Amino acid sequence: MEQCHVRAGVAISMRESKLNGLLFLLGVLLAWELATRAELVNPLVVPPLSRILVIFSDLLGSGQIPMQILVSMKRALVGYLLAALVFIPLGILMGLYDRLYRSLEVVVEMLRPIPPPVVIPVALLFFGLEDTMKIFVIFFSCAWPILLNALDGVRHIDRVLLHTAQTFGLARGKILWQVILPASSPQIITGLRVSLPIMLILVVISEMVGSTDGIGYFILDSQRRFKVAQMYAGMLALAILGYGLNLLFNWLCNLLLPWQAGMTRRTE
Amino acid sequence: MNGSRDFNRRGWLLFAVLLLLWEIGSRSSPKLQLYLPPVSQILITLGDLLRAGEIVKHLATTLARFVEGYIFSAALAVTLGVLLGYFRFAHSLVEIVIEFLRPMPSVAIIPVAVLMLGIGDAMIVAVTIYASTWPVLINTIDGVRRIERTLIDTGRTFGLSGRQTLWRVILPAASPTIVTGLRVSLSIALILVTTAEMVIGSRGLGFFILDQERSMNGAAMYAGIVLVALLGYALNRIFLMFESRAMRWSNAMSARESL
Amino acid sequence: MPILEVQGLSKSYRQMGGDTTLAIGNITCAVEAGEFVSFVGPSGCGKTTLLMSIAGLLAPSSGRILVKGREISGPPPNLVLVFQEFNKSLFAWRSVLGNVRFGLQARGNRSREAEARARSLIELVGLKGFEKAYPWELSGGMQQRVAIARALAYGPEVLLMDEPFGSLDALTRLELEDTLLRLWAELRTTILFITHDIEEAIYLSDRIWVLSRRPAEIVEELRIDFARPRDQVTTRAEARFMELRNDIYQRISGEGGR
């Protein structure tokens, strides 16, 4: 963040930058409000911001939005955690044992290029409109980033680290727990972090295509009923959800692996 | 990237064994066949569909939408990204807006797009552009911001004009990061196109696959999926081909560093 | 009985192309308990390979290593290697104290006295107060001191050091040389040191073995008789110091250019 920056114009401090950003944001929001009220933009397609916010707080208060989000999150998290539970160990094993990696490599490379949403019809076939369908889709979609990052993390452990453990006479099993796992955890976390938006995207898609509830369905349904402001309110909720999940994830990371946070900050 | 390795016999063997198990398992259980037809049946169906021609039209539709969306978003994102990456003031303005919009899954934009553009090619291409722009934009901004000051100064000391600096210093220096973004955006574009096709029920492979599922034509559905996977694979390979030619210097550099 | 013996050690590698290169030619030497000995040689002569082989991390192609009279076949329990790339060797997820205790924990020693020992070593290397810090928060010199403390906390009888100060700046290097000598005098460990810095070797050691170019072989053995404790100013100012230095320098550069 320091000297390596290409800058045109005067140097701007962080605070000034944030201020500019906020002002700009406010300006955009204001323009939105005015443009829609003045009917420069068709208010049937883009309602005034104030209306959206009013509807949003209504839906929030009535519990509608929180409920839909809860429904979606339940499915999403189950799929996500299942994928983590299965594919982190698998990735680690594949990273440790080249034979295993080679055996599974072809299967992985065959399944990987399948765009995750395309799996939804298959899941529909097997599970209908149940929650299981969405859980399966999310499980499949989050698999690859989690697997490949865990695999990579283990493979790229510096040999010096392993030799260090060996020179202290550590037995193989202990090396796994005390050295390999901690050393590969940054990369494993990266896999989990990358999968988070994927999880969110897929739960929304699977709800749009095959569901009768959930935030994704809510947004689409609102559109179909031409409850436009409600639709935008749903999207706002989704954006906040995404943002919140990110914050939660980072907070958890810092809590469980405090040593990492400082490290990555330094190397940036 | 694994081309230089010797043929992975074990891997292919396992794959073949799994396919065999699939075939046998499917054939031996009529109930399972409804959900998971035998591999042979899927492949035969795929062949029939290709010959009949209908599926090829779907493929072409999907491909056309993909190309339009991807190329346009790439051009837009790189241009915008360079501007935002280079001009600190512009970036400071937009930074917060970007941080707000990023966490929202781009697929949520589909209902809005339907509202604005109805159902049809325009809408699908539009959402594709929206979604595919993000990775490239973020990466371009990042790539340009991280360019060493020294590099720019070197250009200036050789009297490069603004435009020359852009083409000869900034873009090349940021290109590895930009290319990474372009690779991510490739998968995203395909995902959005197929998703939009599923949601709004127009033509295209996404629609085809969902449609076959609704009609309980398992084999045809899987055939469609195989085709999409092949499409994705082919697009990836083409991208890698371009990338290895264009980015030879960068790949060599990282290869050297990892020694 | 010498605490460490190397007998007819040689090591060859198979290259990617298929041909083999000989990294170590034929090394035979013996180290007495409590000695401080160094290997000096030109870059790329196979010093690291030599040390890794002695540490039991690489299997020799021929010859054997004896620690206290017994042949080793893997990392021996009373011997530890300190690596050159300390930043890759320290455990990023452990604090300084966590790192220094690592060796003891590996042995299953989690007692209070183990912790006390770790703490005293942290103090000995001059890092008192940094017990809770993480490696990335420390400078290069401090990181290497943690690595040394970690190795010594383990209580090895033989300490192998692979150019431990090579990537540090000149002043830090001098500081750490003295720290190391102080520790050595106090703990009476045997130290086998590798460096390309001739003057460093002379300053630190009781004996020096000069290595040839690859494949490494011992071309000369020198005994260093300067009084201990050594001093950066007075020891290095002695006439004999320069003589030895020039002697070794000529020996090494006489090995011919590549």
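Order of writing sets the labels: A, B and C. Residues in every chain begin at 1.
Convention: contacts are C-beta pairs under 8 Å (C-beta built on N, C-alpha and C of every residue); 3 or more make two chains touch, one makes a residue touch a chain.
From a predicted model like this one, the values you see are computed outputs, not experimental measurements.
Q: Can you list every chain that touches chain B and also touches chain C?
A: In this structure, the chains that contact chain C and also chain B are A.
Q: Of the other chains, whose C-alpha centre is the longest way from the centre of chain A?
A: Most remote chain from chain A, centroid-wise, comes out as C.
Q: Hey, how far is the Cα centre of chain B from the one of chain C, in Å?
A: Measuring from centre to centre gives 52 Å for this pair.
Q: When the C-alpha atoms of chain A and chain C are each averaged to a single point, how far apart are the two points in Å?
A: Inter-chain centre distance comes to 47 Å.
Q: Could you please state the distance in Å, as a whole number, between where the Cα atoms of chain A are centred and where those of chain B are centred?
A: Taking the mean C-alpha position of each chain, the two centres sit 18 Å apart.
Q: Any idea which chain B residues touch chain A in the complex?
A: Result: residues 2, 8, 10-12, 14-15, 18, 35, 85-89, 91-97, 100-112, 114-116, 144-149, 152, 170, 187, 190-191, 194-195, 198-199, 206, 209-210, 212-213, 216, 218, 221-222, 225, 228-229, 232-233, 236 of chain B touch chain A.
Q: Quick one: in the complex, what on chain C touches chain A?
A: For this pair, the touching residues of chain C are 52, 55-57, 75, 77, 79-81, 83, 85, 88-89, 91-95, 102-103, 106-107, 134, 136-137, 154.
Q: Where on chain A is chain B touching in the complex?
A: Residues 3-9, 11-12, 16-18, 20-25, 28, 45, 99, 102-107, 110, 113-122, 124-126, 197, 200-201, 204-205, 208-209, 216, 219-220, 222-223, 228, 231-232, 234-235, 238-239, 241-243, 245-246 of chain A touch chain B in their complex.
Q: Taking the complex as given, what residues does chain A use to touch chain C?
A: Counting only chain A, the residues touching chain C are 158, 160-161, 163-170, 174, 178-179, 182-183, 185, 257, 259-260, 262-263, 266-267.
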